[in-house]
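Okay, so chain A shows up in both of these, paired with chain B first and chain C after.
Coming up: the complex of A and B.
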């Protein structure tokens, strides 16, 4: 449903992404692995149309969206949960959720908010509190809930486990699994390679902006290079 | 009511309107230091229309507000590309350009000012201030107001929600410009005389300061800030020449104790126990 071909992007003279292609199938979870600075976040930014001067093409739901603006891509169901959550801390939990639905032409009803609150009971209790008082894990849930308010067809998650305890990380990954079980396609950027490979079907490893390994996650789990560099096993 | 208090209430009402004109862009994180320039446009346009062209007062005042709103729309589409300090400087320059033109324009009296014949007393001015407050409260509680706060906090992220950030900022800036024009037109028709030298950058800075002191997070902040800036110097009047020293000390004290302004969202939530409008 998402096909990107020969993507390239740069920050000034610094090349951050070099000829990367990927395909995320309907209802699939794809993981993007790599060290800091490998180009993972840049890849998501490029897919969303946030990198000026980026090269390559992006197709989404069978349509060429290469020339579309980021909000237009969001409207079509390509939604990002950014690194560091970026919840609006001085707005309330509910206002954050409503902002997530801003791009839609219809107004979200109470039933839709309730569906989010059912899934995230912690958010329900704090719906009128400022998002800034939430814990890191709750903010991550809010960021995901906010993305869901945009009625996404594919969610891109950038480092969802960043700064979370192992228990909360497990909760986030359980959420990813349940969203996927409901049919959501997911593109997951993650430093925790083992968790990401276990949660995904396909995976892509970036190094210095280039795709160095790609394939089914189950195979990458056994790949000596991947094991040595990302899973902490002796190569 | 004594003439003294009526006079103070007129100034308060005009300052409240001016405060809301600066608040709208501020809520979206934009400092407009040209408010006095937009007030001048509203004042002169309104006064010329009610005087030289003998328009009925309500129409003249509305046209004054519309003129400064249109100018804000025009200027805003150019200067809103600038960010932060640079935007503040650009709007400050707009203020001075407007003042410079009026100062040298003989048709509106040039440096000797422009006498205004039609006169307004307190009630209609107070009514206008109330109307502006209600408008600001409605805007603040609307989707538009929520969007302004979201932009103020995280422009990139808000853009990703599908908000057209530049257009929203321009709307806030232009509505603010129109409100400044309204304040200026009312001022002109109460004080019966306007001169370019009144609408200085210092006035713009004072208006922005009053909003920041009152708090930009809620619709109550500008009201409290304007009241504070209008009434406190009067309370210190007994201290004669020392009153501005006392006033400045009070301003510094408040900014030290409440850096987010007197009225904050958190404070309102604690006060009412629920989500503020």
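Coming up: the complex of A and C.
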């Protein structure tokens, strides 16, 4: 459902992404691994259409979206949960959720908000509080709930477990599994390679902006290079 | 006569409120001290006179003047903010100062520097409440100003555009990730804030019946002072600040003399800022997320 070919992107003179291609199938979870600075976030920003001057092409749901702006891509259901959650701290929890629906032409109803609150009970009690007072875990849930308000077809998650306790990390991964079980396609960037490989079907490893390994996650779990570099095992 | 002075002060303050709110929208949302505000104020007031002069009925003249000021505000957005955003914040500030001088001098070249008197469509109609005389145009200004500020607050707090504006105010990057077209939201903000101060210019000219190419300078400086006094970037702070400055100004004129006005007004401003550097209703994080 998402096919990207020969993507490249740069920050001024700094090349951050170099000829990366990937395909995410309908209802599939794909993981993107890589060290700090490998270009993972840049890849997601490029897919969303936020990198000026990016090269390559992107197809989504059978349509060429290479030339579409980020709002148009979001409206078609390609949605990003950014690194560091990026909730709008001066807006309330509910306003953050409504901002998730910003590109939609219809107005989200109370039933939709209630569905999010059912899933994230911590948010329900805090719906009229400023999002800045939420804990890190709650902010992550809000960022995911906000993305869901866009009626996404594919959610891109950039390091959703960053800074979370093992228990909350497990919760986030359980959420990813349940979203996927409901049919959501997911592109998951993670530092926690083991969890990400276990949660995904396909995976891609970036190094210095290039895709160095790609394939089924089960095979990457056994790959010596991947084990050595990302799973903390001796190669 | 204290009641009379108080009423006069509040009505003058209404003009400062509108200008201060305009500054506050630019500053609170975009962290942009937009010095073209005095020119937009002047365009509202002066072009109303010019169009009446050309024989337009005054309602059309007001609409035309507001439209011209709105257009000017969009030009400032396109040529300062959009091009220079992300760089040092002083650059759009200085550019907007350039636009202030440009707009004022274009008007000067076309119509000369004289102050012109503009006939008020309301004449000098007034109502009396006991001893207190209230001019109808001034009263209308006060009512309209307060009404518009409530309307603005409602828009910012409740509407989709308001949420979009506040998102851009907090973080343009995050807003873009959510699919907010920053380049569509920001011009709307320029339009809104530009109309606010242009309307203040119209109100000023219809209440005080005098326009000139530089009429915006003194008024906008007090509007700026009102914003700082209230606490930068806070709309209600701007309202209170504007009313306080209007009242203090009127009492200074009647109690001391016209020459003392600026000493008293700006002396008060400095005194408040020495005691409370963030203004009456401001808090520490200047210019951020304060709507």
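Basically, the second predicted complex is superposed on the first by the 235 of 235 C-alpha atoms of A that agree within 3 Å, B and C clash if a C-alpha of one lies under 4 Å from a C-alpha of the other, contacts with A are read in each partner's own complex, and residues count from 1 in each chain.
Definition applied: contacts are C-beta pairs under 8 Å (C-beta built on N, C-alpha and C of every residue); 3 or more make two chains touch, one makes a residue touch a chain.
What you see is a predicted model, and the numbers here were worked out from it, not measured in a lab.
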Overlay on chain A: chain C relative to chain B, clash or fit: clash
Which superposed partner A:128 touches (first chain B, second chain C, both, neither): first
Touched partner set for A:66, first chain B, second chain C, both or neither: neither
First (chain B), second (chain C), both or neither touched by A:57: neither
Which superposed partner A:23 touches (first chain B, second chain C, both, neither): neither
Shared chain A contacts, counted only where both chain B and chain C touch the same residue: 48, 50, 70-71, 74-75, 80, 82, 86, 88-91, 95, 98-100, 102-103, 150
Residues of chain A touching chain C in the complex: 48, 50, 69-71, 73-75, 80, 82, 86, 88-91, 95, 98-100, 102-103, 146, 150
Residue numbers on chain B that touch chain A, as the complex places them: 143, 146-147, 149-150, 153-154, 156-164, 217, 265-266, 269, 274-275
Residues of chain C defined as touching chain A within the complex: 160, 163-164, 166-167, 169-171, 173-181, 289
Contact footprint of chain B on chain A as seen in their complex: 48, 50, 70-71, 74-75, 80, 82, 86, 88-92, 94-95, 98-100, 102-104, 128, 130, 150
